[in-house]
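Both complexes shown next keep chain A, but they swap its partner, so chain B is in the first and chain C is in the second.
Up next, the complex of A and B:
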């Protein structure tokens, strides 16, 4: 009888311990969080698999002045330069996070706007990523670059390196950027520097 | 009569552990083994003929791809390289188009288009051309003659294995190619890998 009580107490204690581990210890944070490398415009962020640099940030109502590519809000166009350091790498995730942690995926609508980049080792790759965003998303917006495709649960880049690059848009600049009507010419992504690209 | 405490769990515990690992183990082949070069099917040194037979499959079922290959050497220091769609661009940052001189022997009915070539240097860095994820460089005829590349793997059961497009001559029994891989001018390469399909690859070692 005493033995049965002891066994029962042990089982209940073990289940209680399991519950404490599940509820109180942040296992999800440890198991799923990517390794975030922060950066800013013009500075290369070194990831495990590639170096990523944001070289320019533009806000415009149309890409290439083409009315068919008019934004719902404004286009936030981010020019990037990437260099795979060790092996050929597919970068499948570009997304934007604003100051209030709302997220946008890269748009497929702007001509020549990139949604992914296939990098050859050692060959510099130039790509512009376009986001169609509302006014309130501009302040404090950051670009995320990952190998995994974007999804709301971050499961595609769990335990992987991720670049988190502040685009440097201050609250005081939002009005001026939003009012700007100049179209932005987005060049074809690839190994040719945008200044020399023919299309 | 006193009953002995149950001991069946001592045998069951390792069985349960193995069953648990097996149940979640499908992730290893899917996310790791089959998604990269992890199975060396043949190897040899430069200047040496290496016979390869590779298990693969097409629309009709399993087949074996057979060929022999010899790595004659590396060459080329040009900075002109092929961007997508046949456009040319100039390599920067100390990169050059390194030519890989290969000799092949195979029956004309063997499907040898779409091979990927990877140069590995002494620091473990990999430079590749011809894989479906490679955006620059030649994509289809890295291992075969450009004008007479031979047959493709069949995609539909209505296609006959080994047939050529109308007007295309059969591939010779023996030929040479020299595809180019974008690689640093000063890198010291230790091996070349030939791969038609992950995870299988062939290693050809370069002299140190």
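Up next, the complex of A and C:
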């Protein structure tokens, strides 16, 4: 009899503990989040699968190429250098997050603008990513780089490493950058470093 | 026989007495109900008819889910090189549009291209519709909110369009905040219902 009561009490205590875990511990807030590694322009961010460095940031109404592409707003062109550290890696997720936590995705329009990068182990890969954005997206913009492409649920890079790189655009710089008319010559992505320096 | 007549008169008399004793408001209500019942064979009790799709006219904005779309004109071309190069027997129907993504998050173009259709030309569309930026013919597959683009929404048809008008339709596309069955919340979902429809003149270009 005493044993039966103890077993019953143990079952009830276990159920109560489960309820407390469900109700009080915010597992849903952390279980599906990526592992964020922050950085800034010119400094390599080390991820589990690659090192990512932003080497240049440009704002322009026109991306040169064949054909040249005019932006609906302005092109925010981000030059990157990536190095797969362990195994060949496909990086398909490039998107921006602005100062108000809004998302902006890369355009497919510029002929040399990269939407993804296929990295060979130990070989440096250079790629420029082009974002067609309105003015409000510039302030505080950060580049996110990860293996899974962006979708509205941000489900393709859950519990994966993500580089979060501040592009260094202050509010006071937005007007000047927006007024810039110089076109940007985007180089084809690949293992060859861009020949010409810009900005 | 005489008894039956007397009984009928008795019932009518009691009914008349009952009605006479009712307040005026109840008399009016009863009269309206009786009139409605009497009109039933002629459709008096039928539901309100479906208003049908809203009209599409040139230059007027419609909403296709999160996209504000203005169809400026409809054009038929033998090709749209370098973007679209159909066989010599085929043609390209182009909706010349201005498109703006509203809302506050990016979207992919499929939400738009999958839900706008053309018909009425006696030919079939042989490929999925595609979007191209008019100025440089580059494909448009994704949008950031708040920017307006002049875009060509293209349909490759099996042959020349018959007639001088094109019927353009758009499905109802709704935002679904929760869906416990598919675990796909906060998504734009197309319904099997035409929300917008209009017939626009076709411009032919050699």
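Quick note on the criterion: the second predicted complex is superposed on the first by the 167 of 199 C-alpha atoms of A that agree within 3 Å, B and C clash if a C-alpha of one lies under 4 Å from a C-alpha of the other, contacts with A are read in each partner's own complex, and residues count from 1 in each chain.
As a convention for this text, a contact is a pair of C-beta atoms (placed from the backbone, for glycine too) under 8 Å apart; a residue touches a chain by one contact, two chains touch by 3 or more.
These numbers come from a predicted model, not from an experiment.
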| item | value |
| --- | --- |
| Which of chain B and chain C A:108 touches, first, second, both or neither | second |
| Touching partner for A:159 - first (chain B), second (chain C), both, neither | neither |
| Chain A: partner with more touched residues, chain B or chain C | C |
| Touched partner set for A:43, first chain B, second chain C, both or neither | neither |
| Partner chain in contact with A:131 - chain B first, chain C second, else both or neither | second |
| First, second, both or neither for A:19, with chain B first and chain C second | neither |
| Overlapping contact positions on chain A, where the chain C interface meets the chain B interface | none |
| Residues on chain B engaged by chain A in the complex (per definition of touch) | 81, 83-84, 87, 89, 91-93, 95, 124-129, 131, 133-137, 182-184 |
| Residue numbers on chain C that touch chain A, as the complex places them | 104-107, 133, 135-142, 144-149, 184-187 |
| Chain A residues touching chain C - in the complex, by the definition given at the top | 67-70, 72-73, 95, 102-111, 131-134, 136-137, 150, 152-153 |
| Footprint of chain B on chain A - complex, ascending | 83, 85-88, 90, 117-125, 190-192 |
